[in-house]
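You will see chain A twice below: alongside chain B first, and alongside chain C after that.
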Partner chain A sequence: MRKAVSVLLVCMLAAVLFLSGCAKKTGTTGPIQIALQAPITGDYAYEGQMAKQSVEVAVEMINKAGGVLGRQIEVTVVDDASTPKDSAIAAQKAVSMKVVAVIGSYGSSVTEPAADIYEKNKMVSVGYGCTAVRLTMDKQRNYFFRTCGRDDAQGLFFAKYAVETMGAKRIGIMHDNSTFGKGVAEEAKKALQPYIDAKKCEIVYYDAITPGEKDFSAAVTKLGATKPDVWYFTGYYPEAGLLIRQARDAGLTCPFIGGNAAVNEDFVKIAGLDVAKGALTTEEPLVIDVTTTLAGQFRDLYQQKFNTLPDSPWPVYAADALYAIVGAIGKANSTDADTIATTLHTNMTGVEGITGPLLFTAQGDREDVHQVMYEVAANGKLVLHKP
Partner chain B sequence: MATFFEQLINGLTIGSFYALVALGYSMVYGVMKLINFAHGDLFALGSYLGYTLLIASSSWVTVHFGLWGGMAIAMLFAFVGIGLAGVLMERIAYRPVYPAGRLSLVVSALGMSIFLQNGIMAIWGSRPQAYPAAVVPSTRFSLLGLPVTTLQVVILLLSFTLMLVIWFIVEKTTFGAAIRATALDRSTATLMGIDVRVVIFFIFALGPALGGIAGVMNGMYYRAISFNMGWTYGLKAFTATILGGIGNIPGAMIGGLLLGLMESLFAGYVSGAWKNVFVFVILIAVLLWRPTGLLGEKTAEKV
Partner chain C sequence: MGITESMLKRVGLGANKPSGDQPVTFWSKNRGWLLLAVTGALFAAYPFLPFMTDYWIDVAFFVGVYALLGLSLNIVLGEVGLFDLGHTAFYAVGAYVTAILNTTLHVPIIVLLPLSALVAAGFAYLVTSPVIHLKGDYLCIVTIGIGEIVRLTMTNNPFNLTGGPNGINGIGGPNLFGLAINSSTQFYFYTWIIIGIIIFCLVRLQHSRIGRAWNYIREDETAAEASGVDVRSYKLLAFVLGAALAGVAGNIYASKQMSVSPQSFTFIESSLLFCIVLLGGLGSIPGCILGAAVVVVFPEVFRQFASYRLLFFGLALMLMMIFRPGGIWPRKREGTGLDGLGIRGLPKKDEDLIPLGKPDPSILKPASRAVVRGVKLPPVTVAMDEGMLLQTHGATLKFGGLTAVNNFDLNVRTGKITSLIGPNGAGKTTLFNMITGIYKPTSGQIDFLGRDITGLKPHTIVSYGIARTFQNIRLFPSLTCIENIMSGPHCHARSGTWAAVMHTIAEVREERDIVATAAYRLDQVGLWKYRNELAKNLPYGKQRYLEIARALATAPHLLILDEPSSGLNDKESEDLMVLLQALVKEGFTLLLIEHHMQVVMGISDCIAVMDMGQKIAEGLPKDVYNNQRVIEAYLGKEDD
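So, the complex of A and B:
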């Protein structure tokens, strides 16, 4: 009996593996297959879900407008569960599905192993939330692109804003030791160096806190003792909310600027509106503040389908990754990976996405990604900050 | 110098949370020789119970009894609720496993921890929740030139009172003697006419209940609560327990306070990034010097 059961289980397993192995293949007719690798489960599930919804909206918009090469687009989701390990599995799955190109993924450390697998299999992948500099600058990847900006751009934006716009002399930088948080902090430090050399400002505090903890009073007291003019925190929102609350309770009144993962609705909820109000954040523009025609259409359709709008910039970059892929296919008049990659690198003039023109550098970075400063308004929503 | 005293107060506040959670760990270990890994999650559950009471009544409790009254009722609610949860946990997850030995007990405790954490996530969701500002006392004043909140003072006073009460019960009362006797040798204690079941019931009610109170205080102090917060606090409190000497009540208090002080002084004067490394190096150093912890008694363990 037991043997029969195990044989049955093995057969079922084999069948499942077989079925998932020989999934839809893209030929020269029928819909063009594209995969979305996103964190549908795990720590960043909220971001993954929004990315999925955004790509769904983009697919509908593209298909309504006639698709590309006279064919429709079809997107399959593979879940990387927010971890590098599952990311490799998800990437293998996308490769075995023989899709034309892949959108993804969100986190930098999650994207890296997947990008290597796509590279090896000569498959174009376009990241949408992975901002770590090393992804494109560490080694040459011919098939990897990203529609989002880079951490060094954010560091530069912060440095320029803090010194030139705010006139800050004493700057405190705090990170959370994560790849992303530390990366942005290092870039900000680097970008401040010319100002420091010109004796325009100094870094009076540079240290990390431990994510997952609740008490940051020691760090806040230490920061307060250095009397900073501005305080930049480059970690994630759960700690950012606690930090600003504890800092204000301890009587620290200097302006707070968060990195692009520090300020969102949950930040306001954790900190309480009374102290969150007026907090600043260096971010890519939210879709609600993007003025392109496509953005308007995207907002209408997203609102109609999901009755809300993405409250972070990244999901829209996922939709733009699809626009970049489809645009390249159209311009190249081919679904061949090498041709698409070359087109993405060199021949994207005139291809527009939701967030603007989709042009890429030789490393695969998006050209002209703008950072903006957001402010938590009196009603707790993020609004563009006017200095 | 002002900074130093600020860091001292920071350290004492966080230390008193560690100490309260560590007390529960230590009491259960002392009597049962069981490391109750689910203890941190009971603490988190306490936070959520207090939160739910204040939210569900849409601040009714606070409106009718005032900020401090609301806080006291929420704490009482968590105290009773988590006490019951502790007793229930012993009945369901531990008592059936006693005959199977300590290893099975530890596995059962780990299972309980995962169960509680996921249960909290299933009920309250994985996004962090926050105690609304309307139910948290937030008067600030200046104490000898240091900015403190009344809440901080109340938390410190209440924690120390609770610790003293527990110490008094265990060390100075007849029932405390029964607890200590049970901890020393359960079968001999039974022969002496001690109802060991009552002692175990009491331990599993009071230990977690203290954690429940600490949970509400923690939620009010930091505002934000999350389903996995029990893990961090459980780990830190466990460290505090080991540092002070496991199974030893004053040891748990001293371990907790010491851990809090070390954390904030190191993070304040040396480096926040290296704080945990430092704390655990100290822990190892202490264990090399005194393997049973600072106040732990020398025992010949039969393993």
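So, the complex of A and C:
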């Protein structure tokens, strides 16, 4: 009995090994193979599953429209379980499958080792949920791109929105000295400089609070004395909730804008709905709030296939990564990795994704990532801000 | 016998000794070598197999990393039996030390390899030494805490060192004297060569007094301490060595990934390591490697089932545990013969070992006790009464409000048999436990051989020359009889980790002495033919003798036996009396707790009677036998 079971197990193992050895390779004809590296299992399985579904929808849309170079697109999923170790193995798997390019992955520290492996093997990879600045800024990678914005991209969006849309003249910026919070604040400051030079606004307050503290009255008083038109806080929600409560109690009424780590359900709980109502936040949009034509088609097909819509912004960036890769292949008229990479870097004008134009900087970062301003509605949910 | 072959034999790969009529074929003679050669060739050829991709080479690399981690946890969990569910902490420390020092100070990775091991080992010493006395589940909970604290500390980015949740990137690769290791194949060989070296050391350690001491602790901590094993130090040593190996794994991992982040060191990772050791078989080195292979390769094989992947993986693990509950490749102790002990230079025939172990009679002379095989005792400081070997003065032990032993003066005369009798619950065993160091007396003093031994640790007292057996037999059940007895001479041996790994001349000689002493004592109690049997398979009566032999092997002056005849029939009791009298003739002093009056009256030179923690009589057997108070204590007072 035992022997029989062991033999059976070994046979099963051998069969599966054999099957897994038969990877589909991209030739000069037949479908173009692309891999999606995503956390299908593990801590962020929910994100991974949605990314998989979004990419499936995008594949269908592209193939219905005739594919690229007259060929269809086929996507294989490799699971990285959201751990760095599995990510490295998954990346090797994608490399050994000899795909044309890879979409992935979610999470910066998971993407890091994979990006190194893709770089070493000269394979284009386009991240969709990895926002750490250092991924593109710490070392030059020629084959790595991302369709999501960097952590600090919202600083740029804030500057534009506060001055051009809200017409703010006196701007207060507060951060918490964390890498993330300070990064966003610095980016906002940098993006405001042209407006300051043009005498359209000024920064009246720029300072940090200490995370973990409970009493921010000193900071709030100092901020209030500068009479700001808007107040941008780039730290995390525990401090954000206390800050807005204490500021409102002190009679400070200017609009509060949080970074995307500051405003969420817990923020509303900490601050209290009466105070949290009307708070703004700079965020990546949910697909439901994106206005492009592709987004409309995407929503319809997604709804039809899965009877729901992604409730996180990141899966849509995975679909956009596919659009970027396919667009580059079409423009380059080639499936060669170097040519695709060069095209992605320099020649993407006119390539549209679900979240807008897909242009990349020399570092591989997305240019001008589409962001939106959300507002805490009367029921505590986030809705698009209408100025 | 070649070094390699004897090593293979010890891990269970080698040829068994051809017994009797079995012909010696080329195969049976060279099985170990052939298997090693084939394994080596397979490992070397693996990356060059046709259709091999970097993917499968990387999978094999990660099998290596996890095998290393499995081996490191195996020291703690498999050899010593300590539940460590936070082992990833040491792995993380190794990885982060490598990452931080390489990216900030640009220390080469190859220099950081031993340094990571050292830092991880030092860290393990710091965090485990305050909690090492905890048993079982309690230690388990604490180790979970250690694992989580380390991970959270890394996440919280103290002093901007660890890079927070995103970790550290830009770590370089190892450079071996000009040869840069960066391709998958290079990393594969680099890792497996390191593992090969480590396995070589571990096999040697496993088969030294250190490895055996770890196993004694796993089998029965109290018995190990009572046989002279310094339990605390050996547990700490296991943690420190285990952490050092985990540190090495961390270094390899960090340099291969070129980045580290706290996500790699979660609790799940620790439980995976636990899984590797259990799957492979506790204490089994080849088992660890197979366990690692299962844990890493299975999820890869099932990768295409996407979300069902872990389901299949779990199912496969369950099936394995059902069909092989002892692990895939459990360590086999029986059936390998004395060769399985891995001691060099043993005589061709096992029987020739027995006379080698005959002790030098001079070690039983009190004067010569000052040095037994290099172990120095402190100088004589206490004046004892003429002819006395052991004396307790007013020994008292209170458990809260209950006085278990009250002001007891016990006198044990050199070279005689002293018996301690008394009704159940009189406190006899408690007094024994005070003498042997298990309990510390509340007040009073215990003198032995002119030294005050009050409150010393049990293993120290054993080395002074007091050995004991237990009322309910305490053996090391899953070890062979000869290994059980080899715990006796342990406390007189000196060889440490380094000597065990290097097989120094002194270490080899010491090991030979240990096994010879054990063989002599095993033969003395008539259990020689059971030498390769597991202790738990012996019948009850024989287990008693085995325990006595183990105590004798510590070369004691005083042998304390706690109810040696309980559970024996009349014939067996008579045999026991013969043995005990032979021991006295050999020069041992005996102290017994005994209920069997025939035994007590037959062989005792002096009897002390205890009731309610107090001495009620002392003297020659016939005097005590007729003492009114003794009769009252046993039978109750007659009504007037």
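Quick note on the criterion: the second predicted complex is superposed on the first by the 227 of 387 C-alpha atoms of A that agree within 3 Å, B and C clash if a C-alpha of one lies under 4 Å from a C-alpha of the other, contacts with A are read in each partner's own complex, and residues count from 1 in each chain.
The working rule: contacts are C-beta pairs under 8 Å (C-beta built on N, C-alpha and C of every residue); 3 or more make two chains touch, one makes a residue touch a chain.
Given the structure is predicted, the values throughout are model-derived calculations rather than measurements.
J.: Looking only at contacts as defined up top, I'd like to know whether chain B or chain C touches more of chain A.
T.: Looking at chain B versus chain C, the one contacting more residues of chain A is C.
J.: Looking at A:31, would you say it contacts chain B, chain C, both, or neither? Reply first, second, both or neither.
T.: Neither partner.
J.: When the two structures are overlaid on chain A, which partner does A:89 contact: first (chain B), second (chain C), both, or neither?
T.: second
J.: For A:78, select first, second, both or neither according to whether it touches chain B, chain C, the two together, or no partner.
T.: So A:78 only meets chain C here.
J.: Regarding the shared-chain residue A:255, is it in contact with chain B (first), chain C (second), both, or neither?
T.: A:255 sits against neither chain B nor chain C.
J.: Using the superposition described at the top, list the residues of chain A that contact chain B and also contact chain C.
T.: 45
J.: Help me check something: in the complex, which residues belonging to chain B touch chain A?
T.: 3, 6-7, 10-11, 13-14, 17, 126-130, 133, 138, 140, 147, 149, 218, 222-224, 226, 228-229, 231-232, 263-269, 271-273, 275-276
J.: Mind pulling up the chain A residues that touch chain C in the complex?
T.: Residues 2, 5-6, 9, 13, 16-17, 19-21, 40-41, 45, 49, 77-79, 82-86, 88-90, 92-93, 95-96, 107-110, 112-113, 116, 121, 132, 134, 138-139, 178-179.
J.: Which residues of chain A touch chain B in the complex?
T.: My answer: residues 45-46, 177, 207-210, 212-215, 217-219, 221-222, 225, 238, 241-242, 245-246, 249-251, 266, 269-274.
J.: In their shared complex, at which residues does chain C touch chain A?
T.: These residues of chain C touch chain A: 51, 53-56, 58-59, 62, 157, 164-167, 169-170, 184, 253, 256-264, 266, 299-304, 306-307, 309-310, 316, 319, 323.
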